[in-house]
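Sharing a structure, written as structure tokens. Questions coming.
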Amino acid sequence: MDATLKNKQKAAPIEAPAFEAARRWAPLDVPAAKAEIYDAKARETASAYARNIENYIGTVSIPVGTAGPLRINGRAETREYTVPLATSEAALVASYNRGARVISAAGGCNVRVVDEGVSRTPMFAFETIVEAECFSRLLLAHKDRLQQVVSRVTRHGVLKDVQAVIEGNHVYVDLCFTTGDAAGQNMVTFAADAICKAILDRSPVQPRYWFLEANLSGDKKATARSLSGVRGKRVVADVVLPAALVEQALHTSPRRMVEYWCGGALGGVMSGTIGVQGHFANGLAALFLACGQDVACVAESATGVTRMETTEAGDLYISVTLPNIIVGTVGGGTGLPSAKACLDILGLSGSGNAVSFAEVCGGLVLAGEISIIAAFCSGDFAAAHQCLSRNGRFSREQSHD
Amino acid sequence: MDATLKNKQKAAPIEAPAFEAARRWAPLDVPAAKAEIYDAKARETASAYARNIENYIGTVSIPVGTAGPLRINGRAETREYTVPLATSEAALVASYNRGARVISAAGGCNVRVVDEGVSRTPMFAFETIVEAECFSRLLLAHKDRLQQVVSRVTRHGVLKDVQAVIEGNHVYVDLCFTTGDAAGQNMVTFAADAICKAILDRSPVQPRYWFLEANLSGDKKATARSLSGVRGKRVVADVVLPAALVEQALHTSPRRMVEYWCGGALGGVMSGTIGVQGHFANGLAALFLACGQDVACVAESATGVTRMETTEAGDLYISVTLPNIIVGTVGGGTGLPSAKACLDILGLSGSGNAVSFAEVCGGLVLAGEISIIAAFCSGDFAAAHQCLSRNGRFSREQSHD
Amino acid sequence: MDATLKNKQKAAPIEAPAFEAARRWAPLDVPAAKAEIYDAKARETASAYARNIENYIGTVSIPVGTAGPLRINGRAETREYTVPLATSEAALVASYNRGARVISAAGGCNVRVVDEGVSRTPMFAFETIVEAECFSRLLLAHKDRLQQVVSRVTRHGVLKDVQAVIEGNHVYVDLCFTTGDAAGQNMVTFAADAICKAILDRSPVQPRYWFLEANLSGDKKATARSLSGVRGKRVVADVVLPAALVEQALHTSPRRMVEYWCGGALGGVMSGTIGVQGHFANGLAALFLACGQDVACVAESATGVTRMETTEAGDLYISVTLPNIIVGTVGGGTGLPSAKACLDILGLSGSGNAVSFAEVCGGLVLAGEISIIAAFCSGDFAAAHQCLSRNGRFSREQSHD
Amino acid sequence: MDATLKNKQKAAPIEAPAFEAARRWAPLDVPAAKAEIYDAKARETASAYARNIENYIGTVSIPVGTAGPLRINGRAETREYTVPLATSEAALVASYNRGARVISAAGGCNVRVVDEGVSRTPMFAFETIVEAECFSRLLLAHKDRLQQVVSRVTRHGVLKDVQAVIEGNHVYVDLCFTTGDAAGQNMVTFAADAICKAILDRSPVQPRYWFLEANLSGDKKATARSLSGVRGKRVVADVVLPAALVEQALHTSPRRMVEYWCGGALGGVMSGTIGVQGHFANGLAALFLACGQDVACVAESATGVTRMETTEAGDLYISVTLPNIIVGTVGGGTGLPSAKACLDILGLSGSGNAVSFAEVCGGLVLAGEISIIAAFCSGDFAAAHQCLSRNGRFSREQSHD
């Protein structure tokens, strides 16, 4: 067996990241690639990435464009955001930009974070259901004592709720935390680990085996369970667009957009999606990437519900509900140079800003749903993609500023 | 209404991207952010991004690390890959690296692309189900003539199948294409648009209204429908890990890993996921990002099935099934400088390589599932994340090269 | 071990069913129960049930009521049905009756069976994905020869389609049949068994093991996969109810019913249902029970989509889509005395009637959705249930004939 | 418009049920059907059904067989049950009978009801998300006062929990109750109606409109949401079958049954079922029908999880988890003559028995899963169905008593 696979009791001495990177490039023999990825800046900033990546060989550059202004009537105040979006997909920024400007022209959208919580869900396996039920009952009886365990591990994480789900002789324990201004996935891992060990220390019923996480949490996966609950932040956003604005700016009508919504919702239902929506993934991926969020969380964050109705006055009501917005403005990748710069463009870098950042997610997704559905209704969708991906211009779709 | 929202019959004269970018920075008043994002390289390469982004303001830098060697016994030949992964999440590269090396130590994994196809699903709305059924019948009777319409629009896209799904007076038409070495989402949009117009030209039954896409395709969404079918490429990968290797390199046993798999699978089932798996999203997001793929597609690509069994000999059989791998090695963002560099590290830039790139996706995801499940089984998961995110080192988890 | 559990190479001599039943009652010691269930009629007709039940002890009596007339504009002709419904749930018959009469007052509903097919899905397990892919490819290459195997086993079953779904080293084969006027679940079992044995006789790649059915078919389970396909018969039904009729007969308005539909659809989406609908299960269970269908199939048949829209004229459009109507008018329980009597009330006993019976399912479910949604809109739901379950009367809900 | 459709302010005088039934038969002109359904017993007992059905025309007879003894180690004591099953599907009783006897031979199965609760989920629609969030907050702040409203409406129903789920400007309120020994669907309807009216009386924020139920509850529908929670009773059951018993009584091995389980579970996952299981619907439908339960509830009750594992000693561990068992031993159809008789066979008629009846559901479903999976493993499935449906005998499958 390859010696490098063995457990190394003694860690290798820590080499300078730049030295390590150079060593990794040597056998690859792709000098042009090295010049692009391991350029002067990547060499100079190598140490900045030491706690965010292993086996570092440099950086990739992803283009960023801006959408906005996006006017949001949030919990605290009304603000206008210029939203940085990193993507290589033509038409994406143009479409979100159009939606943002329509929202702002209508006076801005309402956005609220209506629930918060990040779960770890360890599993304990027993001999039979008899022991499983006993363990579950004891656990729930003592759940009020678990916060003190959490407090020893984290200053920001607070245990919000404990649930037990029994499946045969398995007990899945849903430990749900609030995590301050951090996305909090590591925080809840450490806190859950401490809780499990504390439980096992005291429990008269011992499992045959147990695991720290067993998938019930929905970590990095679209799940039906989170749709009516929360994972991260549950964000809702809505706006009423006057019929005249829909016609002039979006080249369609409220009735047609509702017809699209209905057809698209049932198309989604028949495809077996989690929720019904258009393209939450596009905007969230681009925003997460720009702002140092965990892009893999798009798998769970891009679920939810879009709804459109005509009002009695004949205008267009639109809402989006995003139950799984896993974001933070501290920790993770948010302190890396580019991420900090993009958060600064939003004015949302650092602590105290996670709720506002989640509100930007809500407003941005609302903008995207408006724009893409309008493009399908007006028949512009194919034409806009054709123009923007071939010559970078589409006169009707894109609002240049 | 804001004048910029109106339809511009006459496009603005095309400004130089660099000039436009400078103009966009002016009102933002965040000089440090501008220095990071709109640096010399971003200014010089601005025009390279003209067909991939709108409202360009510069580039973000994302760190890249490598995992491997990852030995893949693919359709054509057996190859070893060094896999570039872009992420800001500590422990991600280390975990995939460990899994890749274990696979290679076991002789490599088998990977096959077993099906291909990308759909657009337009919807046609009629007065009643009577017209809907009539339209559907006529459409299917003439489906063999539609390829000639496609050929006029694209050289690479081939119409593979046509299905009609009736829901009340709605007819959803599933137009499924193969798309050569491109991910092909724009290609199928243009081809479907041409098909729809050709159908409507000739159909004796006309819809009240229709839309080019109505969500049945599962575009950028996890869907149950794609799980037993295909969206993009359906990739399966498997490997048998000898019990001794599991014990020495992964610090656990085949039986324990199967117990985890079973508990995790049912945790996933109870959470209402699409498929059952651990963390497909992590590796796919990092690989897609490095290699110029559409990162928003993680929402659909990160679904599938992981399975573990003990063999009669007591070794560990592991397979992953990824039904929705939407990737390409030409088109989209694959030609941008950093993406091309990362594809070159893999040796998979340009045409003729899409199937091999999909095989890398399969092998990488298999590596990740092995490593993360082993970490849960050995109890290392929390410790590894704690060490790697705090000081960049974890002696037991990470195999340094 | 209990001797009766062992494999009996020699079957017990066949006793008269009535004698056996009497023997089973002896140890139970519940004379009043025996008098009810094993009454004179149950004794006399015991032999009629010999091929439909084992360990016979008598019959249960379930009350039947009628709903209708229900006017259906079906494939062949327009007919009015009086629909027998067996249930013990107060308000059920009254509600379907109301809906049926409203539909008939609007001129009847359109109903069409738009697709047919019943699947068995055997699974074959191989060493690795390499053999699995090979087996799958060979199977699909020879699928045209399989009908001749089917013809040897059944006169009515016809092989409609063969698909292979690979998951790791497993190959699930979807064998889809049409089954004439029978529900056909046994027919497809026997045909699939013959096909599997024929395949294995000739295949150069042999599985490690295989099973005749491995759940992909969705047999007796709500599945997302069947929702956009078919299991049994895919039935769609629709009707336009004039606004005046909605107001007079249902005490609400088209707009309010659409508002309910929208809220109920999204409630369903957030609950993670398969499709979006109100109460398909109520009517289908009562009709299946009356007419000798397999009541357990309600688990799969009670999925689908209800949709409501206001027309441009302000009337109410309603449709239902039932993808999984597993029914027959021959075979199974359809020949038992009560079932035959109920099918005779419909005029649909015996061969040639399965499509019309499926149309009755569609029309009945449409009636139920109209009535229950109207009851929620008018605020009558709780009151109607209270009256009907307490004194058998509700003046506003029930239309007495 | 048909006069009978109008709101009748003045109820028709209550006719004798028998007189009404005769009047309904007159126009149908199917004398043989009338003789079967409206026989002397149906005429005599007509009034017994007055609160359970409308438009009564008689009764259908469904054959009943028994399975057992089924030995259950329940919450209170260990008991052996003879289980009455009403069905017209050949092989169903034989299969459950076989499973029950195998369980009993192994010493009986453990069964526990681990959670209880039945929900109604009214929906309130507001102008914007701002009012929706305000209403939701106020509601949750006052939820402790709602039990007193419930107490005025029902003696048996107790409000267990209140949750609010916001989707755009919709607030879905999950009112969860325990319902004593009744299934409780009407009880929770009346209680929820009273709660809604009490809330609206006091709320400073008034909805634009509201509905008493909007589908989030999963009433009569398979839902992902209930799978990890509860609807009715959450029942788990398990048993360890010695390898020798599996071989002698079931003609297969523990390893083969686990292989089937794994393949069938993933077949179910790929089909997009709610949970993973074989045929819960068969046994539940037959038991519900015999015992006066609401058969339409099979749509929701037949979801859940089956799991099989080999123990370290090489025996077979099997568990079933049924999250949605909606049953009662008082109210609904449980007092009708046949239902009471069948409950008496179980010894579970009347109050105090609902938990035990739910335990029988768990044990019965476990028996069915064992037997059907064994039949697939031993290759007997097709043969047993062929024999039992053609001549009522299968020597290997069926254990005659």
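Before moving on, here are some points about what is shown:
Labels A, B, C and D are assigned to the chains in the order they are written; within every chain, residues are numbered from 1.
Here is the rule we go by: contacts are C-beta pairs under 8 Å (C-beta built on N, C-alpha and C of every residue); 3 or more make two chains touch, one makes a residue touch a chain.
Owing to the predicted nature of the structure, the values given are computational and were not obtained by experimental measurement.
Drop chain C from the picture and the touching chains left over make up one piece.
Because chain A and chain B share one sequence, their contact can be compared position by position; here over half of the interface residue numbers appear on both sides. The mean-CA centres of chain B and chain D are about 41 angstrom from one another, to the nearest whole unit.
In this assembly, the C-alpha centroid of chain A lies 17 Å from the C-alpha centroid of chain B.
The multi-chain contact residues of chain C, meaning those touching 2 or more other chains, are 165, 167, 170, 172, 216, 224-225, 227-228, 259, 265-266, 270-272, 274, 276, 305, 307.
Chain contacts here are complete: no pair of chains fails to touch. Chain A makes touch with chain C in their complex at residues 224-225, 227-228, 259, 262, 265-266, 269-272, 274-276, 305, 307, 309. Within the complex formed with chain B, the chain C residues making contact are 110-112, 114-115, 128-130, 132-133, 136, 165-170, 172, 216, 224-225, 228-229, 234, 236-238, 240, 272, 305, 307, 317, 319-321.
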